[in-house]
Amino acid sequence: MKLAANRYGKARVRLMKVTRHDGVHELREWTVRVLLEGDFDSAHLEGDNSRILPTDTMKNTVYSCAKESRAESMEEFAEELIAFLLRRNQQVSSVEVKIESVLWKRLTVDGEPHPDSFMRGSDEVQTVLTRRTKSDKHTSSGEQTSQSGLSNLVILKTARSGFEGYIKDELTTLRETSDRLFGTAVTADWIYSTETKSGFNELRERIREVMLKAFAKHDSKSVQQTLYAMAEAALRATPELVQMHMVMPNKHCLLVDLKPFGQENANEIFVPTEDPHGYIEATVTRG
Amino acid sequence: MKLAANRYGKARVRLMKVTRHDGVHELREWTVRVLLEGDFDSAHLEGDNSRILPTDTMKNTVYSCAKESRAESMEEFAEELIAFLLRRNQQVSSVEVKIESVLWKRLTVDGEPHPDSFMRGSDEVQTVLTRRTKSDKHTSSGEQTSQSGLSNLVILKTARSGFEGYIKDELTTLRETSDRLFGTAVTADWIYSTETKSGFNELRERIREVMLKAFAKHDSKSVQQTLYAMAEAALRATPELVQMHMVMPNKHCLLVDLKPFGQENANEIFVPTEDPHGYIEATVTRG
Amino acid sequence: MKLAANRYGKARVRLMKVTRHDGVHELREWTVRVLLEGDFDSAHLEGDNSRILPTDTMKNTVYSCAKESRAESMEEFAEELIAFLLRRNQQVSSVEVKIESVLWKRLTVDGEPHPDSFMRGSDEVQTVLTRRTKSDKHTSSGEQTSQSGLSNLVILKTARSGFEGYIKDELTTLRETSDRLFGTAVTADWIYSTETKSGFNELRERIREVMLKAFAKHDSKSVQQTLYAMAEAALRATPELVQMHMVMPNKHCLLVDLKPFGQENANEIFVPTEDPHGYIEATVTRG
Amino acid sequence: MKLAANRYGKARVRLMKVTRHDGVHELREWTVRVLLEGDFDSAHLEGDNSRILPTDTMKNTVYSCAKESRAESMEEFAEELIAFLLRRNQQVSSVEVKIESVLWKRLTVDGEPHPDSFMRGSDEVQTVLTRRTKSDKHTSSGEQTSQSGLSNLVILKTARSGFEGYIKDELTTLRETSDRLFGTAVTADWIYSTETKSGFNELRERIREVMLKAFAKHDSKSVQQTLYAMAEAALRATPELVQMHMVMPNKHCLLVDLKPFGQENANEIFVPTEDPHGYIEATVTRG
């Protein structure tokens, strides 16, 4: 038998960081996963743990680094964690860090943003996945790849969406429509040019806004076409972007048949459904 | 053996209603549960379904009524459904309707609210639970009780929360603190005076705002004290309210011990946890 | 304003207990909730915590008692916990303990039960809910009520289930059938006679077996009739039982319409669905 | 901009199939996902749906094929679906089918397996993922890859598991132990040799049994070592296997510190936790 590949680490390290500036608090909630690749064959084959950094220590590392970090973005914190772990662990050849952040919104009280009270936002998650492979044993530098992204951005448009002109065969029962609800939960991840070293939070915000605007304005002939329009808009508005990858399920809202009850349903009453759903995925690059 | 009590109905009837006003769309997503009590003994004891309104028909009833309804609030729609079912089913002595609504927010595009594109809000749910018992067989009127409410309103304050002066015994390991994170997920349900017949959406909004403000402003010595302050504020601000019932878990955010690493943690780095959590519940009335 | 009612405690205290007998291990996983009622008004009204036993101490109490306990059943452990808390806390007038246990099955290896390796069973949960109210300040005895039960016992029968002869009106679209799938997720809770002081695990097992047998054998004309048959069978087989309360959703499996494709579907191909579902509830007592 | 890659399909097509043999019923519940790649650029770029097979039709295809199919295994049904779709859709270059099956166990009544009543088993899922790429436009044959697997097989051993001899540094707080609980939720996927054309259900059962036995018997010095032992055992026992890939989280059960209460905890009382967890992954091949 041969150990062809292996890695290990700690997942779901939950971190809440409160930063205080002159009485105004900031709140961030991140969930971190750290994965290491390296020279761990003897652990698998012989039960020799002498090259194993315990996953409990990785958890401690996340908290200790978070305390010292001045990183403004998940992208920068991921880099810091990776550099820290690579520098101290010669047996490790590559570190991957994934961070997910959830939304906390500042409460508005008497029309003013409150300095220290917050409300959870939607289930939308902001993500980053960064991986660096050491170029040789004695360095923490090496080749790095990174994706920023978001997931579970749930949106719905009630106008300008149809689906017509598709293939019909003996298994077709779907009816063509020029007016349907279009609901989806966007997952997107994107790659910046290697020159992009900062400003990640502003970039993320711009990309998100541009995609939402494209969704709202699009005359949709299919999920495919709208997905492409959103990706294209993000690339056009953001020179730092080199690639956008998106997955958009079609979360069907079915028109209820009220004819048996002598009623007409003019696109008014729908049943939202979970199963089954369409699945649309594409990658768009500058080209 | 004796059939001591029974009821039945349809749960999780999902309804999405789109209303169009001069090109501006409104979107509501409700989940409805309908439960009937009545003369159903022969169904249980003899398999005689002749007095059973199928739950499938209850589902159809929800959709058919939703099409005709002009109700602005869940409270009013619940009443309509109950009246409809009581009127048509003499074998039914009581109908209970529960409605839960989820939050869809209008998208902002180029600084303007968009007429027909929406984004899912948080997992906060608005609720109503209304029940009417017929006074006699030949009427749809009778005694009615109703609760409005909300659940899963997740909030957190990073200042003005402590917990001190509690009982200490040999099983105590908790340390007193004058500065902790206070996170919770509010469930509340309340009762209006019987004279309150309309304006439910505005009342709901006011009650919610008042409770959030009380949470933000409170100098909290315990979850109990803050819960009471929130309930009291709602009752003071809303003459229509006669009772407020609240459940507020204490969703602990634990301070990470960084001393082993030679670092001080000045209330900055926390671990949010799910298990276990405190559970605080109280009912406040005008007294 | 008036504090009309209040209680508090700790929820989701997770406990795993390993007991070793001559090399054979037993594994129990329980989730405990403890709620106290008592003289807590000053905490709500004045922020005075001097009568508040911290919920963190309740958690410690669960673990400390679990270590000493020789209870074989959840029912007995709930009683022990309640007695412990009432005895030590004069400010407490009533304690409620809920315990849920999940299923771990011993692995079979080479045809033999393995002494120390286990596999998680289904999501079925065994439950107990016990509450005692002190008769006066200086005792831990008082009036006690207790329910044993189970939830999420997911079962399905593919024969001997129909639904016919129900009310038809202009909102009826359901078709009668003498052969349908009948799937449900049983929740049951029951009350023993006050003389029943032990043997809870064997009673639980017998009740569960009898209900499953009744489900399998029943010629079902409705969920109502089958629910009643299951409750009745449990009461008949178990003299210790005085009351059975059950909730059985009708988890619909819809027959797929294959006619458009020139195929006949002789009750063979179904779509299991989650939303909406029927909801059937009844209480059966000795009569 | 350039459409670099794209695919689409239908996810969560839920299928329940009842097969009747001389009064004995068999029940299978599968969830199917179908994804197509092909010539869909004009849909994305121009909103031209003329080459788009609607995802609704894919859903119908699953049900229609399930009716005709005599496949005994998910592996065979996946192949049938792929062949059907490739044959009828020249615009499609590749089809991927994923099937997940959940466990239904036959009820035992009066000591006998019941012919038509079933109970849901654990949340363990059996999986298959098969993908075929057409060699040219006019054929449904082509290169095929397939993985069989399982996920969420939750197991725990209470003996013969330790973790010692690992790297210690200034961020280490974990203590070495020669006796801990070892709980995990196995995800595994494996590849058969290309000659393996049938017997998939028996192979799956054997692989699963062998892995469970290896888990139970292993003297574990780390999750890594046990994972490797399980994979190796599966490969040794199953000549048809060419590769085993596994992910095994370390679902920590923490020993409760009872010393503050004057009690000793001899590996008896634990807290099962969800966050954070170790993550161990490896691929083992014949080598």
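Per-chain residue numbering starts at 1, and chain names A, B, C and D are given in the order in which the chains are listed.
One rule holds in what follows: a contact is a pair of C-beta atoms (placed from the backbone, for glycine too) under 8 Å apart; a residue touches a chain by one contact, two chains touch by 3 or more.
None of these values were measured; they are calculated from a predicted model.
I need the common contact partners of subunit A and subunit B, sorted by label.
Touches both subunit A and subunit B: C, D.
For the interfaces B-D and A-D, which has the higher count of C-beta pairs in contact?
If we tally the C-beta pairs in contact for B-D and A-D, the bigger total goes to A-D.
On a CA-centroid basis, which chain has its centre farthest from subunit B's?
D
Return the distance between the CA-based centres of subunit A and subunit D, expressed in whole Å.
Comparing mean C-alpha positions, subunit D is 24 Å from subunit A.
Measuring from the mean C-alpha position of subunit B to the mean C-alpha position of subunit D, what distance in angstrom results?
Once rounded, the distance between the two centres reads 38 Å.
At least two partner chains per residue is the criterion; list those residues in subunit C.
In subunit C, 14, 60, 64, 171, 173, 260-261, 273-275 touch at least two other chains.
Considering the complex alone, what residue numbers of subunit A touch subunit B?
Interface residues on subunit A, with respect to subunit B: 14-19, 25, 27, 29, 60, 63-64, 66-68, 104, 107, 109-110, 114-123, 153-160, 181, 212-213, 215-217, 253, 256, 258, 261, 263, 265, 267-273.
Report the residues of subunit B in contact with subunit D in the complex, numbered from low to high.
Interface residues on subunit B, with respect to subunit D: 170-171, 173, 260-262, 273-275.
Where on subunit D is subunit A touching in the complex?
1-14, 33, 35, 40, 43-57, 59-61, 64, 88-89, 163-167, 169, 171-174, 220-225, 227-228, 231-232, 235-236, 243, 249-250, 274-287
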